[in-house]
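Two complexes follow with subunit A in common, the first pairing it with subunit B and the second with subunit C.
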Partner chain A sequence: MATAAKTPTKAKAAAKAAPSKPSKAKKPETGTRTIQVDELSRVEGEGALFVRVKDGVIKDCKFKIVEPPRFFEAFLKGRSYLEVPDITARICGICPMAYLMGAQQAMEDALGITITQPIRDLRRIMYCGEWIESHVLHAAMLHAPDFLGLDDALQLAATNKAVVEKALRLKKLGNDLLEVVGGGRAIHPINTRVGGFYKVPTKKALRGMMDELKWGIEASIDLAKLFGTFTFPDFEYDYHCVALHHPDEYAIVEGDVISNRGIHIPVREFHEVFQESHVAHSTALRGSSRGDNEPYLAGPNARYNLNYKQLSKLAKQTAKEIGLGEIVNNPFKSILVRMVETVYACEEALRLIKAYEEPDVAYVEGRPRASEGFGMTEAPRGVCYHSYKLDSEGRVLKAVISSPTAQNQPQIERDLHGVVERSLDLDDEALKQRCELTIRNYDPCISCSAHFLTLTMVRE
Partner chain B sequence: MTILFLGVGNLHRADDSVGPALAEKLAADKTFMQKGVEVQPHSGEGVSLMHVWAGAERVVIVDAMKSGATVGSIHRFDAINEPLHHDVFRYSSHLFGLAEATEMARALGSLPKAMIIYGIEGYEFTFGEAMSPTVAKALKKVEKAVRKEFDDL
Partner chain C sequence: MTAPSAKKKAAPAAPKAKTPAAAKPHRAKPKVAVWKFASCDGCQLSLLACEDELLDVVGEIEIAYFLEATTAKIDGPYDISLVEGSITTEHDLHRLRKIRQESKMLITIGACATSGGIQALKNFAKVDDYIRAVYDHPEFIDTLPTSTPIKDHVPVDFELRGCPINKAELLEAISALLNKRTPNIVHTSQCIECKKKGTVCLMVAKGVPCLGPATHAGCGNLCPSTNRGCFGCFGPSEAANGPALAKQLEKLGMTKREVRDFFRSYNSNAAEFRKTSEAYD
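Moving on, here comes the complex of A and B:
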């Protein structure tokens, strides 16, 4: 047994596949049809789905987050600014960087700390590690089986050993990057702090990662090409894409918030333009844009659509070879975008490591003051926002953390609605599988968002 | 070739601490450590487990179980010769723990030459270091059995 906060059993709910050629298609009937998934498989955390269709028209479509609330924002109150990043990192075992670095950034903003370029580069290397391990785990082990008509990664290992071996080695590469910079362990690194690191890694230790990163570039291109041969359900959506943007690089660890509908704001104004609200069927808050109260999209496709031009030449070439244009509006193709971003992350980490020189200063100190600070990074699943109010001694008065999955929850429901509408000719089992695949497009991290899938479909 | 003992679990989660608690005890036993067994506590994260036991000659693992059996009951699995059911050794919602890692390694042909897993049925998996008395008693029996596994060294 292990460290997770819960021990769900979801095997029975495991989706078989979202068959690209459903064999048991049926014409939509009159009367009520209900699709219900009580425990979503291959996602992080506890979620459920309920769909009710009456006479071929969707009457209800709810993506439910049923994970118990975790109260992080409440128990951070009174804690020192120095403790916060190590506590928030525990929000997630898959993408702790998003919670660790977002909090660090916000504290640095509050205390007026400007970190040095080498510290910034080391953080970007760590975040590349997180993108690699998280993207590969999701794309190859959790999402790819859907497209291959397999139950899970175990079946994938039995039928396509080389893919799983490659994916596991890539995941290890991501973890190793985190360990080398983060201090001995990949999941919740112990060597990072507000202002930088307790101890910077040696040039030798980082350079030791170079050969594996070179292999990683080739391996992720191979996986991208394989996934590019999958058949994708025919569904597109005119997304309001929201992501970080940095003038000089494909944004990962910092930037302004931009959207394809003209928004360009500093992180501190995020909640002036976007809001979170609560609904009865979910323990997660739900993101929407304040202007129109409409959902928006965060995550790989949003980043790709907004910042495509800043990808490396090789990443762009890979995207082209697997059939992606400069804009991807088919959510099922997020598996491809994840692999393009993995190619980029391997290249970027390699580039930064080649240029790395051990700095004299491991961290920049700041003086506590009554202040407010804001932070945002690109978690593998999308933008992750932090804001903290501190008292004069640097203790937390108020904490606000918006996870990517909470922000994406309304858009996931919107996607489900669209996908179900176009798939009513599928029988219930095939439709259920298609719905689960739609949710897995997001690699939702339900635990992180709870503040999440069981599918119920009613056809009336 | 490595001979490995892995104590899987979380020291701060009541009965889930059986694995790491035994790892701590064995690591502190100089006589036992002279046998050359590599003793490690482990969180139970599957991918990492596969990397830890890759290439090992022999592995003995202790982990807590939640199978619905009587609390404190002990199960010995010869992982090379019998598949592990995924519901027995739960890890996290991403569902890749000891059982999945074992079956994945079997599919990939990367299991150690020998792998014995002791499971102790737990009762309490909430926060805290104290084991249930029945589970603590069972751990003493498992300790004897584990030591016996390494008698030839």
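Moving on, here comes the complex of A and C:
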């Protein structure tokens, strides 16, 4: 497997980037050079990047989201609190749980519902399912081919079918967990609701997942080790990491918001400390910390850096074996952190399933009142924030949703700036490929920003 | 594992007719393209979620364009285009027309593409209000006042319902169309699915509001078998009677507003659902 470490040569990297418009590559160093990538592949939604370089200095670096606006916050107005989670799920097909569960939590907060432990455990099992399917889709199917100079996982299958089959089976395991708890479908599951579930899954059905989960732990360690042999671009950044933190567990479904710059606040204060703004070049709103207006990092690396101690022994051991320390500041290594989290998610789901007893009550009912509620969960790509104001009938007066992509967008731009700066000696095609790789470190769930992203490079 | 050979080097870069020779390789596998408009990507992900079948499926077809999955792009014409998402911008409308020209067969996948999707809720409002509600700088936003299905703009050969689609139906549709037969997909209502599956009727037995009588079959009877009333994510069935069902829902205690909202969600712009909900405005 070690040969997988082969990095794409510049020539191969150049060969693989197939822009929809031919770039004016290979012009001499003077004058203006433009690299344009109108469409980013293997990124959910559509995106774009514009970079302008003058005499070897970056003058402009804009990351855009060119996704047609879908206006979720607007049409949620007037809808009943019961309908909101299913509607917000449609923001993103890769991580519907982040929207389902964030909205559910916010509504429970508003209505004063306290869910029971079994419901909480079932939610965590489902969320582990989403982490597994999303992390494996992202890492193995969409991101790994970049490190190998391949177009896609299917090309990988041509040379190493066993790896792709393993990845597919692992991804399926995540989807199966979602289906068993979520009522038979993994994308936009139908069984979850404010207060709990429509029908609790049987102990038997969940226990049926145990053997596959045991296999999943081994499989994710294998994939982690394989990806650990890749060559990673030499790039580090001193990130402002933001993630949820829970006192008793590696935070997934709930916790306080913490950061490595000393922030520790309850979810309800999130928008007092962080904000979103709208700029001309993108329909996605952009997250930053209030006051200094600086980018921050959400997602696997932020979680790992902030909550490393709470990972399982096996996950930590896997991290160590693939060369990760307790802090990972190389964004390209997010592919490794994703696999470490997959190891953890398989173990965690297994642990919860072993202890699972069917509860008598599937959900806790709430009574609408004029109120405000907040919710946040760790979507595979980072914290996903929800807040809703409700009227006395439980209808939405105001909805605010911050997707991980929108929050990470300025940081992606920063990363791109740094990466381009260090790679100016590459020719345009190779540089473009490097930029795509940089963006895919995040896999911007661009459609979840529910607002627009293209890649353009100008050298003067 | 070895690094790939340079076999992809020839991936055509220009959108069209740059290498006429490439458009007519000797006709091996059918070329399938996947396109996205306004949507959540859930329906195209359903293709990647065919984990057990994926490698077999791609053995039978050539994925010629699928941004979500691959960097490789092969010029049209395409044998089948799978289209996800609704039309919400002028730019997308142009893109769609070009895709239609290049596609022998065009299949829409999901509620967004077949009825306008959840974002069609804006068809019932003033779009300017919406833009102002979400964006600080409305002047940066370029959008049509409506979200409309693909069939409103170009001829569609086959429609797959659902938000999201059922991946078994997707595989059936692809294989049927490639083999030049009609896909074996029923257009009856969710109620028929309940009967087939032996699911006790939630409305009759428990008084739970359910859109099943007017909703297209195909999901696998998910909600009723999970103690949940159907909320219509597959859109109207062929012979849906919205008004009659709406009356029944009122009898079960739903307010007019609730009845309206029930019909006005993931397929709000589908004719039968639209008419019914507008009667409750």
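Quick note on the criterion: the second predicted complex is superposed on the first by the 426 of 460 C-alpha atoms of A that agree within 3 Å, B and C clash if a C-alpha of one lies under 4 Å from a C-alpha of the other, contacts with A are read in each partner's own complex, and residues count from 1 in each chain.
Heads up, the rule we're going with is that a contact is a pair of C-beta atoms (placed from the backbone, for glycine too) under 8 Å apart; a residue touches a chain by one contact, two chains touch by 3 or more.
These numbers were taken from a predicted model, which means no experiment stands behind them.
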item	value
Which of subunit B and subunit C A:Val164 touches, first, second, both or neither	both
Touched partner set for A:Lys172, first subunit B, second subunit C, both or neither	both
First (subunit B), second (subunit C), both or neither touched by A:Ala355	neither
Most subunit A residues touched (candidates subunit B, subunit C)	C
Contacts of A:Glu83 with subunit B and subunit C, given as first, second, both or neither	second
Contacts of A:Phe71 with subunit B and subunit C, given as first, second, both or neither	second
Partner chain in contact with A:Leu154 - subunit B first, subunit C second, else both or neither	both
Contact residues common to both interfaces of subunit A (with subunit B and with subunit C)	1, 3-4, 6, 8, 11, 41-46, 93-94, 137, 141-142, 153-154, 157-158, 161, 164-165, 168, 171-172, 175, 186-187, 447
Subunit B to subunit A touching residues, read off their complex	8-10, 13, 15-16, 19, 43-45, 47-48, 50-51, 63-66, 86-87, 89-97, 100, 103-104, 107-109, 122, 125
Subunit A-facing residues of subunit C, complex	1-4, 6, 8-9, 11-15, 36-46, 48-49, 51-52, 54-55, 58, 63, 67-73, 88-89, 92, 117-119, 121-122, 125, 129-131, 133-137, 140-141, 143, 147, 163-164, 166, 219-220, 222-223, 225-228, 231, 233, 258, 261, 265-266
Subunit C-facing residues of subunit A, complex	1, 3-4, 6, 8, 11-12, 15-22, 39-46, 67-75, 77, 79-80, 83, 86-87, 90-94, 96, 137, 141-142, 145, 148-161, 163-165, 168-169, 171-172, 175, 183-188, 190-191, 193, 198-199, 277-280, 283, 285, 362, 436, 447-448, 451
Complex interface listing, subunit A residues touching subunit B	1-4, 6-11, 41-46, 93-94, 137, 141-142, 153-154, 157-158, 161, 164-165, 168, 171-172, 175, 186-187, 446-447
